[in-house]
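Each of the two complexes below includes chain A, the first together with chain B, the second together with chain C.
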Partner chain A sequence: MQHDVVAIVPELMLIAAALVLLLIDPFLPPEGRRGLSWLGIMACLPAAASVWLARSEQFSTFSHGIALDRFAVFFKLLLLAVAVLAMLLSEKHLAKNGRLLGDYYALILLATVGMMVMASAIDLATFFVGLELMALCSYLLAGFFRYRERSIEASLKYFLTGSFASAILLFGMALLYGITGSTNYQEIGVAISTTSLDSHVLVIAIVLLLGGFAFKVAAAPFHGWAPDVYQGAPTPAAAFLSVGPKIAAFAAIIKFFTIMLGSEQARWVPLMIAVAIATMLIGATMALLQRDLKRMLAFSSIAHVGYLLLALIAAGQSHSNLGSSAVLFYLAAYAAMNMGAFGVLVFLANSASFGDSLDEMAGLARRFPGAAGVMAVLMFSLAGIPPTAGFLAKFYLFASVVDAGYAWLAVIGVLFSVVSAFYYLRVIVYMYMREPSAEAAAAMEPAGGRSWDLSLGLGLATAAVVILGVLPGPILNAAQDAVAKILGS
Partner chain B sequence: MQFSTPVFYIVAALVIIPAVLMVMFRNLIYSAIAMIACFIGVAAVFVTLNAELLAASQLLIYVGAISILILFAIMLTRSRSGAVNLFFHRQAWMALPAAAALAVVLGAVLGTARFSAGDTPKNPATGNLASLLFNQYAFPFELASLVLLAAIIGTVLLAKKESRP
Partner chain C sequence: MTMYSFQSQIGFPILSVMTFLPTLGAVAMLLLMRGRPRLYKFTALAATGATFILSLLMLAKFDQYTADFQFIEKVNWIHRLGASYHMGVDGISVLLILLTTLLSLIIIPASWNYIKDRELGFFASFLFLETGMLGTFCARDLLLFYVFWEIMLIPMYFIIGVWGGPRRIYAALKFFLFTMAGSVLMLVAIVGIAYLARPNQYAPPVFDLDQLQNAVFSFPVQMAAFLAFFIAFAIKVPMWPLHTWLPDAHVEAPTAGSVILAGVLLKMGGYGIIRFCIPLFPDAVAASIPYILILSIIAIIYGALVSLVQKDLKKLVAYSSVSHMGFVTGGIFAFSVIGLEGALLVMFSHGLLTGALFLMVGFMYERLHTREISAMGGLASPFPVMAAFLLFFTLGSLGLPGLSGFIGEFLSLLGLFTYNKAMAVVAAAGIILAAAYLLWMYLRVMFTETRDQKWFRLSDLSLREIASLAPLAGLAVWVGVYPNTFINIIHPSASHLIDHMSPYLAQHGDFLTRIFASLGGGR
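The block that comes next holds the complex of A and B.
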């Protein structure tokens, strides 16, 4: 019993903080709401500490519904870091747009609870409730600037496609339950690998699961919502949405496709290869065409999902843990660089009248040298240029793909990665080597005060990108440890 | 009580026909009424599966409460009358063959499938359901309350009147 609670103490802390935020928000005057973000951040820190203290535990609880293992610890810490970054990036932007409300932070905390449950669940029912909690909060965050048409459009699109994706995923999970008679990951895995099941139903279940997850992580051909949602959502919310749900979904994908469907990799690997190649192709080529930076980052995140799927193929094919641990390390690097890149856009939108277009980046290095420098580091990292986190993440990822015997897939991945370097470096060229047009220069005059929260968030993200690139050892070890000690496989 | 196959088909038609009508109608009130019919059909499906508690709660919550709420919502918003234009309309012709193909594949596979979960007759007596819900699935059950909380926050956020900045 006392074990049961240990496994969910961090979640309980976040829930408590979310409730406090909701309760005190109506009693505060508008200027009193400054600093509410710190209430949320201050809940994440002890939550992270409690995750860390229980790092050597290894058990499942709540009738084998959730697992507390190294895998869950890794993902919970990563998700908490993402939540803290998201809250640091948000405050000034919300205040500037007149939507500084405690509800925003409560939604981020509740979404994080859902993601943490998704990452630690080992039961289909538990997983699905966590997924829905995360999804519902995500739709609301996308529509948080509800007086903007774009924001409402983003929310509605996200809601419609997301509900369909959830339904498809649920259908696949129901079929798995139907043929195996269990909702527990491990029992399903045993049933699939030892008994002769109706293989046609199994194939359908795999297709439905893959389709549902492809929606959730914005993999082709179910990626269409991502650019519209990231463009329409408030920029700090877009930063959170482009990272958090993907991390949680990949945690679940690893568990689904190794614990449950590990013995069936001959069936799902070809499908996933097709999805991965299509995703990289669409992400890399469509990003080339974008003039809007948020849309560009959306397509770039689609391309990154393609690389991540390559490592999942490696995880399914080879019996080493290289593929899965490459996914974990890549997710950590991706979280830092993507949140940082969106954070720079938040900074520019706060400091001047900035419309997220590439042309407005011209001559940025002179007007905002700090922001331009940070953006340059992050773009180098997203492109995968050493000595940044993005380079090492891609290196480990492609190495694991080669190790699994898919050298040709790794070559395709590297080729797309070269293509993608073009649109990342283009941003740097604009910032440092282009003269701004007269009206763009006038619009980008610095205005308004600084936000220390935002600077801190950007500093943390950039530091993480550099440190992961120079000293990858601890995180890499943690990732390998997490995959080696995953409960139930 | 065992139900025969023809009964199942009749009940299935009671679900599917209103569901299709609900999507097809251009008038929101008609759609809402078709949706209520669909909910009643789902309750009938639960009855054929001997899940009386689910059937009762389906009737009470979906048919009774949620439908009324939706009718009120339609009444209180501007678009209570007149046809509503469909968006996403251009892609409808592509969706039809895709949906038909999916229906054929699912029908062919699932129609002959053998589900081991169905082999062991579960007793959906209310007491057993409660002990499942409050023992094995206590955690997701409690977590569902947070989903509801998020939904309430969302309703307030999206509907609350306030001055534009």
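The block that comes next holds the complex of A and C.
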């Protein structure tokens, strides 16, 4: 592994762009801020290129604090794609609500830097720095519409629960450091597997880490903040927050629970099984009850976290690295379909006085046939129906679970996916099969022009959903190579 | 490693062209022809027509003297997962493909003026559906099969939910969730056997049917996987007691949707059992024969009895499907060459006759705006041509010798008879009941006094409507008079399958089988 600052070049690029955005924003007239999103996007593209060019070698910097390996390359490219999509979705919505500021893009870029650090950290201290950078930016993004009570409430709730979660995680990490005497993932893993440690402290550390991460990814029983935050946050920010932090947290979870705690899987697997089942149960059943689409998508993303945890159980148990690569592939599919679904809500809020309720979706196929078509594809994908990314991701994930010897968990998982199909199909029922009520029809009267950025973003997300569903080969290979490297190192 | 091959039996990959031609047509319609109804309707007709011609071409080149798969195409798809794009047909699938392309073609003119709202989506849905159906019959890779199998759900869901009757949303959701609940369990089983069949733990899973057929699974694994597969297929058949989605879906679906649902989608269940359950899980199949036969016989009798009391014409035809499909599962699980051929002929003939009956119900509804049997009566005087056609298809459906329904059910009963005489006797009662409910229906609908003099001002069947019924009638006569044309196509594959099964059958003689033996022979 080469020591080289190359390992953090993409992060540096994004930080530079964020600083430029913050500096020039006050000097721009309101209409001059149009196109600021493209400054952010244009910073992500060379960052992605630099990651891509470095893919075949391994770099590390900050005295083994950050590594740019295949695993990090996969996650950095995914996170950069998410950031680009988030910026494409945002501009028109911010402008319509009078909050078109450079700060917003700077926050997205800095949060992305935090996530990329989380995904590529190989040291507890570096990881925590990334986590806090991401978290602080996320709280601000949730409260970006500061004139709206809901947005502020979301921000405050996110901040309070998030801070608790960070503290709990930090305590767990401190215990790990206390019993092993190292902050390096690899050294901790070696110490845990070879020396006889105080098992009580280790169990407490595992529980704290699992609890902290459960908060961060919104897994039961620590999921309560997610619906309120996604509902209150500006919709494009909710799109970003429902995907980005989860991707980064799952990158860290994979590393924590395989590199460090891989030898202790007998201790954490039962706990994680319970969390996974509870998460799927709560996500799937609560989503059935929602009439607000953002809350529905929030509970649906909780259910998806439950599936992801199933793959982590497989990763803990299995001799192969199928489980970890299933997590990676699922995250890529989830990013495309979830951001796309939120993107459609942004589109509707921009083009009509849409209030995120299911009733307003009635008759959408007549008024906005394109948006309805995109939403239908994304709903089928979220429900896991072929030929979409959602199907192959679920298929691959359940394959890893069955292969690890947990066929019964896979059966529970697929049955929950039938339950969840109901609420995704209900959206399609409303869009295609129901006629709108008078007030819903009035609310959905088309008003305001289209935005080119948003259409591009939706097109990219939908294309990704279809391509990943039909020809998943390259991404699947990348996911398998990514985890092969991290586990081999 | 890349591999690509197709058997140059015909010079081009005919199965793929046939499967994806309708999708191509649908995409062209959606992208280029919005708001031009004549153009997109003719495009739909051209796409389904070309697909039908391709299927005839395939049939002409089909080698009837081998049980091997033909027109094979194989391309790498997801290499690391061991899944390939592998297509091929044998005698079992080839007739069902013909049925699919024929019915898909017929419903286009039949619904030419039927739909008033969002016509483009309607016709495009049927084209997408045709791709799903043909792919399901051609796939030789389990994952590919599953993808096509699930793809079919999406257009059918829209067809019922958007263009259906008053309770369409309920029916569409019930159809979707019922089928999905069955198939996700099948997915887990697919994954399970694919990983168990690996030569070593570093090899990719095995989804290819050619390789899976050589794998040997332990009895518990077979039983679990068989149950998962079988429930998925039994829901589609539908077998009693998993049939409850069918009447709802049929009553609410638009005419063309009912035709495809009864004509092709129900056949997926029987096809799946023959294609996957029997070769992959022979021990489990052999052990469950008596139980499934009992369910089949219950379905035959129950479907017929329920048909007797229906007030809605469409519901009557729907429940009669449950009864007819009992002959399919009964014929399959009798495990004789004759029974299996009978089951396949019942599937083919049911597609023709019940498809035609649903078309006729649709034509009647377009004129009378009701499907209540009690509201009809004396239709024969205002609509003589319609009465003649309905008589033809009714007689075919109740098993009149000389028409297709008789041959299939007769062979199926013959197969059942060699397995167990008592069962064959009970099942034969189903045919008598069929005569009862169908003839009584015909009596109430066509004869007696004409209820409404306004009907005399309505037109009889138009040329377009006759043109969509005539090919079905012609084929029904052909199968009924000279079934050898079709049996010859089926025979090599059917006898190959029975040969494959016979060593397993001898090993299983459980409690229930012995009881049957004391009642009426047995093997």
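One rule holds in what follows: the second predicted complex is superposed on the first by the 482 of 489 C-alpha atoms of A that agree within 3 Å, B and C clash if a C-alpha of one lies under 4 Å from a C-alpha of the other, contacts with A are read in each partner's own complex, and residues count from 1 in each chain.
One rule holds for everything that comes next: contacts are C-beta pairs under 8 Å (C-beta built on N, C-alpha and C of every residue); 3 or more make two chains touch, one makes a residue touch a chain.
A quick note: this is a predicted structure, and the numbers were derived from the prediction, not measured.
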Checklist entry - In the superposed arrangement, does A:Thr180 touch chain B (first), chain C (second), both or neither? => result first
Item to check | chain B or chain C, by number of chain A residues touched | outcome: B
Item to check | First (chain B), second (chain C), both or neither touched by A:Phe398 | outcome: second
Next on the checklist: According to the stated criteria, A:Tyr139 is in contact with first (chain B), second (chain C), both, or neither; which is it?
Outcome noted: first
Checklist entry - Just chain B (first), just chain C (second), both, or neither: which does A:Pro472 touch? => result second
Checklist entry - Counting only touches as set out at the top, which of chain B and chain C does A:Arg434 meet: first, second, both, neither? => result second
Checklist entry - Which partner does A:Val113 reach: the first (chain B), the second (chain C), both, or neither? => result first
Item to check | Complex interface listing, chain B residues touching chain A | outcome: 105-106, 109-110, 113-120, 135-140, 143-144, 146-147, 149-151, 153-154, 156-158, 164-165
Item to check | For the chain C and chain A complex, residues of the former touching the latter | outcome: 77-81, 118, 143, 146-147, 150-151, 153-154, 157-158, 161-162, 168-169, 172-173, 176-177, 180-181, 184-185, 187-188, 191-192, 194-195, 201-202, 205
Checklist entry - Of all residues in chain A, which touch chain B in the complex? => result 8, 15, 22, 62-63, 65-66, 97-99, 101, 103, 106-107, 110, 113-114, 117, 123, 125-126, 128-130, 132-133, 136-137, 139-140, 143-144, 146-147, 175, 177-181, 191, 195, 197-198, 200-201, 204
Checklist entry - In the complex of these two chains, what residues of chain A are touching chain C? => result 319-320, 365, 380, 385-387, 391-392, 395-396, 398-399, 402-403, 407, 410-411, 414-415, 417-418, 421-422, 425, 428-429, 432-434, 472-473, 476-477, 480
